[in-house]
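Consider the two complexes below, in which chain A is the common component and chain B and chain C are the respective partners.
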Partner chain A sequence: MTFIMYLVLFSFVLGLVAVASNPSPYFAALGLVVVAGMGCGVLVGHGGPFLSLVLFLIYLGGMLVVFAYSAALAAEPYPETWGSRPVVTYMVVYLAGVVLVSALFWGGWYESSWGSADELGEFSMFRGDMAGVALMYSAGGWMLVISAWVLLLTLFVVLELTRGLSRGALRAV
Partner chain B sequence: MTPVHFAFSSTFMLGLAGLAFHRYHLLSALLCLEGMMLSLFIALSLWTLQLDSTTFSSSPMLLLAFSACEASAGLALLVATARTHGTDRLQSLNLLQC
Partner chain C sequence: MNPYIMALLLFGLGLGTTITFASSHWLLAWMGLEINTLAIIPLMAQHHHPRAVEATTKYFLTQATAAAMLLFASTTNAWLTGEWDIQQMSHPLPTTMITLALALKIGLAPMHSWMPEVLQGLDLTTGLILSTWQKLAPFALFLQIHPNNSTILITLGLASTLVGGWGGLNQTQLRKILAYSSIAHLGWMTLVLQFAPSLTLLTLLTYFVMTFSAFLVFKLNKATTVNSLAISWAKTPILTSLAPLILLSLGGLPPLTGFLPKWLILQELTKQGLPLLATFAALTALLSLYFYLRLSYAMTLTMFPNNLAGSAPWRFHSPQLTLPLAVSTATAILTLPLAPAAMALFAP
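Let's turn to the complex of A and B:
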């Protein structure tokens, strides 16, 4: 389990290095898919299956489809992958930075120890994170109302931004 | 600091560095922002799970809702830029200002 956890954490960092090293947007979206999947692995390893499922379904299912659509909108004839020269340079620089900083902290962290929620409730039906998220509907109701209001506001912002060039918030002057 | 804390801190800093240093495509900047938001989601979830304070676990969901707002506003800006300038390269945004 410790080995799998280290592998997942390493892939998590490596996926974000692949996003941050400025390849073409298609490949950066692919790297973000890897990061989200590995983040699900981290959350499952800590005993939060509901949060991990939410991350997998909402994030990968909803957001990455939209990003793939927009990557098709921002297409370019000669895409840069992780094999081309400047991207490889940035990847090496970022990885070297991460390795140096981790060598700085190497003696300080408690090796392979992670706490997980509900450690003794292995076979229980309800995990702790599920109960906590359900609290959003009772005690945290005002935050639910606020976030629904923010999402509605964002809908109008998006409609106003993509309305067209003749009228609306963005127009050709 | 456990290795998990180091992992999400380094992913946040990597996303920040990618957002700061690479300004070729607007979509690349948005993807780096998404990576930062993802590492914040992991951080809040780990706070809940490691400290076993399960009443806190609705805050990553609210963060995910706000991150969806941010992503949709950014993509709307991307669509608007592609309609006015024909491309999303940031170099062409301050070219031919009119």
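Let's turn to the complex of A and C:
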């Protein structure tokens, strides 16, 4: 388990480096996908399978659209990636920054920021994350209504913004 | 725009502000701010011309950044102190981050540069909504947190009054001048926020009344530059003679309403033992006063050369509704004698 967590966290940081250092949208979006997937893995490992599932479905659903869109919009014949020299420079600089920051905060970050949701999972009837979501919507049922309303509002906002593409200023490149 | 969609969006504007007002929980407050931003965006871009869409994009990016920072800070707060309540902020790090996020949201001085650019791309009605109604929800949050670092608020406030006066000096575009005037007024509100929050509220309300009148005067004259304002005097002569009073009230000259908040703020700062700060703030108000005075000069105090047809009052009455303008103009000019009542109402 420890080895898997090491692997997941390492891939998480590697994905972030890919997002930050890549000049071409292909590989940056790919890095974002890796980061999201590995973040879900971290959540599963620390007692949040339901949250992880929600994040995976919703975020990766959106991410797929972003990936397809950026791949279609910025189709380059020779996209630059980790092989080329400036990208490698960026990567080294960013990784050095990560190492520096983690060396600075090593002691403080280890204990308090690494709790898991279900340390006593055997003694409780519900999992922490599912019980939390249930509590949020039972104590604040109106929040569900408002969230649904906001989704409807967002639909109309997007429709209103993209309406009349031929005469508008907002159009595809 | 379809009237049903318009109603939906205006309802969204109201709903967002109401949710932020009513919430004591950071998550709901953030939701309210986001609803507000979402609902105004199609209203800003409703004419679909490039300037409006550019302004909308700038506004969206700024507000999204500020809202994300606010959400991040409130999660950090919950993580560090286990507390989601707005009034129970105790840790300095999230409090400072939230202060800065709200400053970005309302456009205080080091984070102000989006405000003139956005306002310049909009028509005057949407600009009015942007510089009045959209400030309400962030200010409700601003009044509720208790910043434990007084230097930040004073720096933000003084920088805003300075930049608001300085930036407006060389402008010829009315909407940019109004944006800088908004920045300067928000700076005054931030300056007194930690000493007397009720004065902040009073300043906000008087600013709303005065800027409402200024926007509606410009809208009635269909003027967005100083040039078109200078030749618009023949359209509604009485309004033209009242407009300098509105502008100088914004500038804060004594017999007018705008003097009231500045007077009370300067008095409060002096009472708190900060005479130097009060002096600086009053001096920066002079910079603002200069461009209000220049607008009054161009609009009323001189007659610019124009052809014969342009300088005679022959036009029909405007079909626009003028009652709100009449009420707000009277309030923006004449309520200084009500100062004791305002004090009793806002600072009991």
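The rule we apply is simple: the second predicted complex is superposed on the first by the 137 of 173 C-alpha atoms of A that agree within 3 Å, B and C clash if a C-alpha of one lies under 4 Å from a C-alpha of the other, contacts with A are read in each partner's own complex, and residues count from 1 in each chain.
Here, a residue touches a chain if its C-beta (ideal position, glycine included) is under 8 Å from a C-beta of that chain, and two chains touch if they have at least 3 such contacts.
What you see is a predicted model, and the numbers here were worked out from it, not measured in a lab.
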Which of chain B and chain C A:L100 touches, first, second, both or neither: neither
Chain B versus chain C as contact partner of A:M1, first or second or both or neither: neither
Contacts of A:M143 with chain B and chain C, given as first, second, both or neither: both
Chain B versus chain C as contact partner of A:F156, first or second or both or neither: second
Superposition-derived comparison: chain B or chain C, residues of chain A touched: B
Interface residues of chain A shared between complexes with chain B and chain C: 113, 143, 147, 150, 153-154, 157, 161, 164, 170
Residues of chain C defined as touching chain A within the complex: 1, 5, 8-9, 12, 15, 19, 28, 31, 34-35, 38-39, 41-42, 45-46, 48-50, 52-54, 79
For the chain A and chain C complex, residues of the former touching the latter: 113, 143, 146-147, 149-150, 153-154, 156-157, 160-161, 164, 167-170
In the complex with chain B, residue positions of chain A that touch it: 5-6, 9, 12-13, 16-17, 19-22, 24-25, 28-29, 32, 35-36, 39, 42-43, 46-48, 51, 54-55, 58-59, 62-63, 66-67, 70-71, 73-74, 90, 94, 98, 101-102, 105, 108-110, 112-118, 128-129, 131-133, 135-136, 140, 143, 147, 150-151, 153-154, 157-158, 161-162, 164-165, 170, 172-173
Parts of chain B lying in touch with chain A, wherever the complex brings them together: 1-8, 10-11, 14-15, 17-19, 21-22, 24-28, 31-32, 34-35, 38-39, 41-42, 45-46, 48-52, 54-58, 60-62, 64-66, 68-69, 71-73, 75-80, 82-84, 87-88, 98
